[in-house]
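Below, chain A partners chain B and then partners chain C, in two separate complexes.
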Partner chain A sequence: MSASNAAHSVVEPSTGTRRFAGLLVILYAIITMVPLIWIVLTSFKSPDDAISYPPKVFFKPSLEGYCNVFTTRSRQTQEFIQTLGPPQGLCDNIARSRNMVVAGPSNYVPRFINSLIIAFGSTVLAVALGTLSAYGFSRFRVPLKDDLLFFILSTRMMPPIAVAIPIYLMYRTVGLSDTRLGMILLYTSVNVSLAVWLLKGFIDEIPREYEEAAMIDGYTRFQAFVKVVLPQATTGIAATAIFCLIFAWNEYAFAVLLTSGNAQTAPPFIPIIIGEGGQDWPAVAAGTTIFLVPIVVFTVLLRKHLLRGITFGAVRK
Partner chain B sequence: MAQIRVEALNKSFGEFHAVKGASFTVDDGQFLCLLGPSGCGKTTTLRMIAGLELPTSGTISVDGEDVTMNRASARDIAFVFQLFALYPHMNVRRNIGFPLKCEGIGAAECDRRVVEAARILRISHLLDRSVSTLTGGDRQRVALGRAIVRKPKCFLMDEPLGALDTEMREAMIQELRALHDRLGATTVYVTHDQLEAMAMADLIAVMNNGVVEQIASPRDIYDRPVSLFVADFIGSPAMNFLPFRGSLQAGAQAIRLGDREVAIPTAREALVESDLVLGVRPEHVRFSDSGVVRGEIYGSEYLGTTQIVTVTTSYGALKARSPASMPFQIGVNVGLDFRPDTLSLFDQGSGRAIRTALYEGGEHG
Partner chain C sequence: MNDLSTSSQITYRAVPIRPGVIRRIRGLSDQALAWLFITPTIVLLLAINIFPLVWTIYLSFTNYRANRPNAPTLWLGTDWYQSILTDPDIWAAMQVTAHFVVWTVLIETVLGFGLAFLIDKKFRGHGLWTTIILLPMMLSPAVVGNFWTFLYQPQIGLFNYVVAFFTGRGASSFQMLGDVTLSPWAIVIVDAWMWTPYVMLICLAGLRSIPDYIYEAAEVDRASNWRQFWSITLPMALPFIMLAVLFRGIENFKMFDMVNLLTGGGPGSTTEVASITLKRAAFESWRTGYSSAFAIILFVTVFGLANIYVKALNRVKSR
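For the complex of A and B:
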């Protein structure tokens, strides 16, 4: 009873509430992290450990998955393998222990590079277009402004895949099928509406006085935009870029439909890594783990901007 | 430095007519305050002078040169914003030097002028601080530094003290006026605060509903208001208004208020019987047993040096400024007299002041 009688703050959460909130956060973190941890663990398992039942949490780590995702191998007789010289590196060594030799590199690296080019290319394009149009919508008296903004938003009101067939036919006609440019344009057009809306909110928050002051001091509007507005919109631009990148990076359906050999990205490639006698799970897991790295790096790099306030107190409100 | 001339300036935003035919001249080195309530068009007028808005019609010239349609950067003016508009990603030194950088002035010269501006504003010790760590007053000094560093033709200020607390504002009023006297810069200053305008301006332009009602020295604005609006807007507490019906002959020295004669400054125009308003400043109301208006004391506000006594009369509540030491009892019946040579008369319908001897000898109409 004494606890309830003690003075406590109305706005500060009590210790009990905080503990409960902390518990919820930890629980949520575990739920979201477990599949990721399992993927990473699987990538270091041998194929046998990967499919063993009951699942193995403790196992002898192996780099076979990583070797398999980067190489193609061919089965040879033991006599033939013995005629070869000493194994060329770690992967060759692992392959020979399974009566195989490394035949050459797999398609994973080119697919990964495609992913990088397409995802970052479309992110840069979407954020650039989004920033310019958000600035225009935020600062100028655009005729039919609200209708235009609604139209831009309406492109997100259906799942993008609903227009897959028309886009497939269109791309085939104009020759954009299975090209990196085609995929960049496609992801840009999906992301640009998100970018415009997110960035408009951020730019609305930046007082016009900044640009006006710069324009009086001798800058043109475009210079004021670049030198004054952009530095202050960094936070918004970083957040928008992360969202755009994650979408473009993870996109699967269009990539399956529109790319095959030339411009295929990593997501449609990873699940079809087939080993001997079925799916090569450690290789799939290894491909996925490597695939996660750029997003993690990008998010960690931009985290500083995400956390920083927009104006940090230079404007008194 | 320069003369600013504004002629027949109009600005409409769609249906809304924000500024209606504003005309005035700010002479070289003069300090003009645009004063008025929110939405009266004062800021729009200032932004048109700055080139941040283009007028619907009318001309603006600086030093005889028509700049009406020039870009803001081509006008050689400095603008101080209410919210300071300091760039948060730059420190004080770079903020002040920013206009010079825009003009492409060399680093050595730029630094020399930044240091000089900082010295004038006494913020030299803050030069390498981040603007986000400064107090409101210091931020406003940095904003002023950014304005003076360029040595522009004129300064435009949009409620620069509006975001400061009272104490800081009073200090900055003195600093701003001292700075103006020192630089001799033509200044147009927008405010809704009459105390700021009275304390700093050489000339006040009172605006209402997009119209410049009166342009005059602070003294004339206060003593010789040309319209009911100006009389009402300027002064705290506001002028007392006693509505009555009457006629007036040119040369008349009194009016009839009820059944009593009230002496007024000699009338210079004749009026047929119409609705008129007698304007009396609270400090010109005296308590007198033979007073022309009688009423009951309703209450008093003690202000330290003086007190404001409210008396309910048949003309409504009248306020009188009295010495703080004078004792008053609520509910007591008193008589009120008015100082004759200070009274204003207005036409109720048009709101315009009736011409009397009061308006002769004023510095500006």
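For the complex of A and C:
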């Protein structure tokens, strides 16, 4: 993987092989992107265009889906609409062309805010706890270290539904059901195992000599940790944080079983966006697009660390 | 911590003391710090994971129902376990799960390894295309799974249109999600679409871990490309492939979100994988004791697989 690849060696594939390989991979990439592109296209369609046959690739773009995902509308008679003043804003305009008026904001915004609060809250907690534990496991002799690490990993392997049954009962008893705090704690406990394993890998790579030198200069172990190790581990901590964020952002099983209104996040909400007479596909697509964009950005940022993240830090390239 | 009394004296004479001594007596000892750092994580996991697990084990021996918390709780012993292991519905769910796991893992491994093999040829722009291929696996299975129900719509869905376009069948002549024979494949297709990149990424790491000099030696020995693939590439990438297979196996064994949104277990119970059965028993029929026992059975299975997974991880790590 290192210098030997740069040099021209006998095992370099020929140009023809390369082109052929590239062609196949690009073909796969294009096919695999179709559903995602279709989500974005659908989000800009009018409801009629979205369900037309054959499916339309070219259409007149409309923001109706985005309006519908952010607002609730009520159907009114022509006479009533005439008594109202001029339409306020683009969404009102679209609604009135369908004999409706905007009645207020939809539930998408509070669900989205819940997603943000719960994802960021649990990420901060998991990364903080994970960094401390990872340092502990990386640098100190801890009795039963391997068993503890395995225990931490195994908690993530539990089937979410199996965990959800007692959590449901426990949260009901202590009054955490359908609260953001409850979801933050739950996601933290799932993410902390990933954080410990990933960060231990990153901290293992920081030479011990740095801290030892700092301690000879009079730092305590704790000061050395804060002033020497943490700055060195910034990249690792950032990558870990993004992984935790993505997990909490995407999580559905716990959210759908343990929340109903107050603390519900976006993933259980998006599938139940419905319009008049069935699913409002442009609105669903718009909600989905807005929800997915941050993840796409993060994936591009993370691409160098992806492999580490998905294998709990085992495979490092 | 035991020599706090001497610490004040020592700090005044700073320089001539050996660093090890200073480290031990200033601030907390390493051992105390280690526990201070690790304990919060362990406490959190004990509270949110282990305590509920123990509670589940207890509930699995009782007739407790979460929707009747005030009814008297009876101790049933291992009754639930016996009835689950002899229940034909459970075995049907296990069969559905096995179908799902085996086919998704097979398709993902073949496609994923193939892609990794091609990307490893390092054609121009392979970095960009690799990132594009990786996108589906980072997205929310629930949100994306939900959108696939739109692609699978008989008349208006893109998937049906494309299949109709290439096969000449009518676009509304088949229902991917409503048909007893097609729906198990509908969930396999979406899972393969999402998770092939995962296997690809791990296989790519495996292929890149093979040092060039081995191929050079094979080239000197005039081994054919075919021979090189079977004698070098595949065996050396195998631990990585196994890792990917094991992880996908575990994840798909407990698959819930995507299937719940695509089919919800239907039509009938043709796509009712184990997690869906568990959800129906626990949160729809409220048979808490019964579902706890089933949860424990699933957990023991996953735990066993996880054990193998960690052993495989360590083997890959030592490479």
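Simple rule for what comes next: the second predicted complex is superposed on the first by the 269 of 317 C-alpha atoms of A that agree within 3 Å, B and C clash if a C-alpha of one lies under 4 Å from a C-alpha of the other, contacts with A are read in each partner's own complex, and residues count from 1 in each chain.
Operating definition for what follows: a contact is a pair of C-beta atoms (placed from the backbone, for glycine too) under 8 Å apart; a residue touches a chain by one contact, two chains touch by 3 or more.
Treat the numbers as computed from the prediction; the structure is a model and nothing was measured.
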Report task. Based on the superposed arrangement, let me know which partner A:Y135 touches: chain B (first), chain C (second), both, or neither? Result -> second
Query raised in the report: If you count the residues of chain A that each partner touches, which comes out higher, chain B or chain C?
Result: C
Requested in this report: Once the structures are superposed on A, label A:A21 by its partner contacts, choosing first (chain B), second (chain C), both or neither.
Outcome: second
Query - Which of chain B and chain C A:I161 touches, first, second, both or neither - result: second
Report task. In the overlay, answer first, second, both or neither for which of chain B and chain C A:A214 touches. Result -> first
Report task. Quick one: classify A:Q232 as touching chain B (first), chain C (second), both or neither. Result -> first
Query raised in the report: Which parts of chain A are in contact with chain B and also with chain C?
Result: 212, 215-216, 218, 220, 311-312, 314-315, 317
Report task. Could you please specify the touching residues of chain A with respect to chain B in the complex? Result -> 207, 209-210, 212-220, 228, 231-232, 311-317
Query raised in the report: Which part of chain C faces chain A closely enough to touch in the complex?
Result: 14, 19, 22-23, 26-28, 30-31, 33-38, 40-42, 44-45, 47-53, 55-56, 59, 66, 111, 115, 118-119, 121-126, 129-144, 146-148, 150-151, 153, 155-158, 161, 171, 193, 196-198, 201-202, 204-205, 208-209, 211-213, 215-216, 219, 240, 243, 247, 250, 253-254, 256-257, 260-261, 274-275, 278-279, 282-283, 288, 291-292, 295-296, 298-299, 302-303, 305-307, 309-310, 313, 316-317
Report task. Over in the complex, which chain A residues touch chain C? Could you list them? Result -> 1, 4-5, 9-11, 13, 17-19, 21-22, 24-26, 28-29, 32-36, 38-39, 42, 50-55, 129-130, 132-133, 135-137, 139-142, 148, 150-155, 157-170, 185-186, 188-189, 192-193, 196, 212, 215-216, 218, 220-223, 246, 249-253, 256-257, 266-268, 270-271, 279, 281, 284-285, 288, 291-292, 295-296, 298-300, 303, 306-307, 310-312, 314-315, 317
Query - Residue ranges of chain B in contact with chain A within the complex - result: 50-52, 71-73, 75, 77-79, 81-89, 98-99, 102-103, 131-132, 136, 139, 146, 150, 163
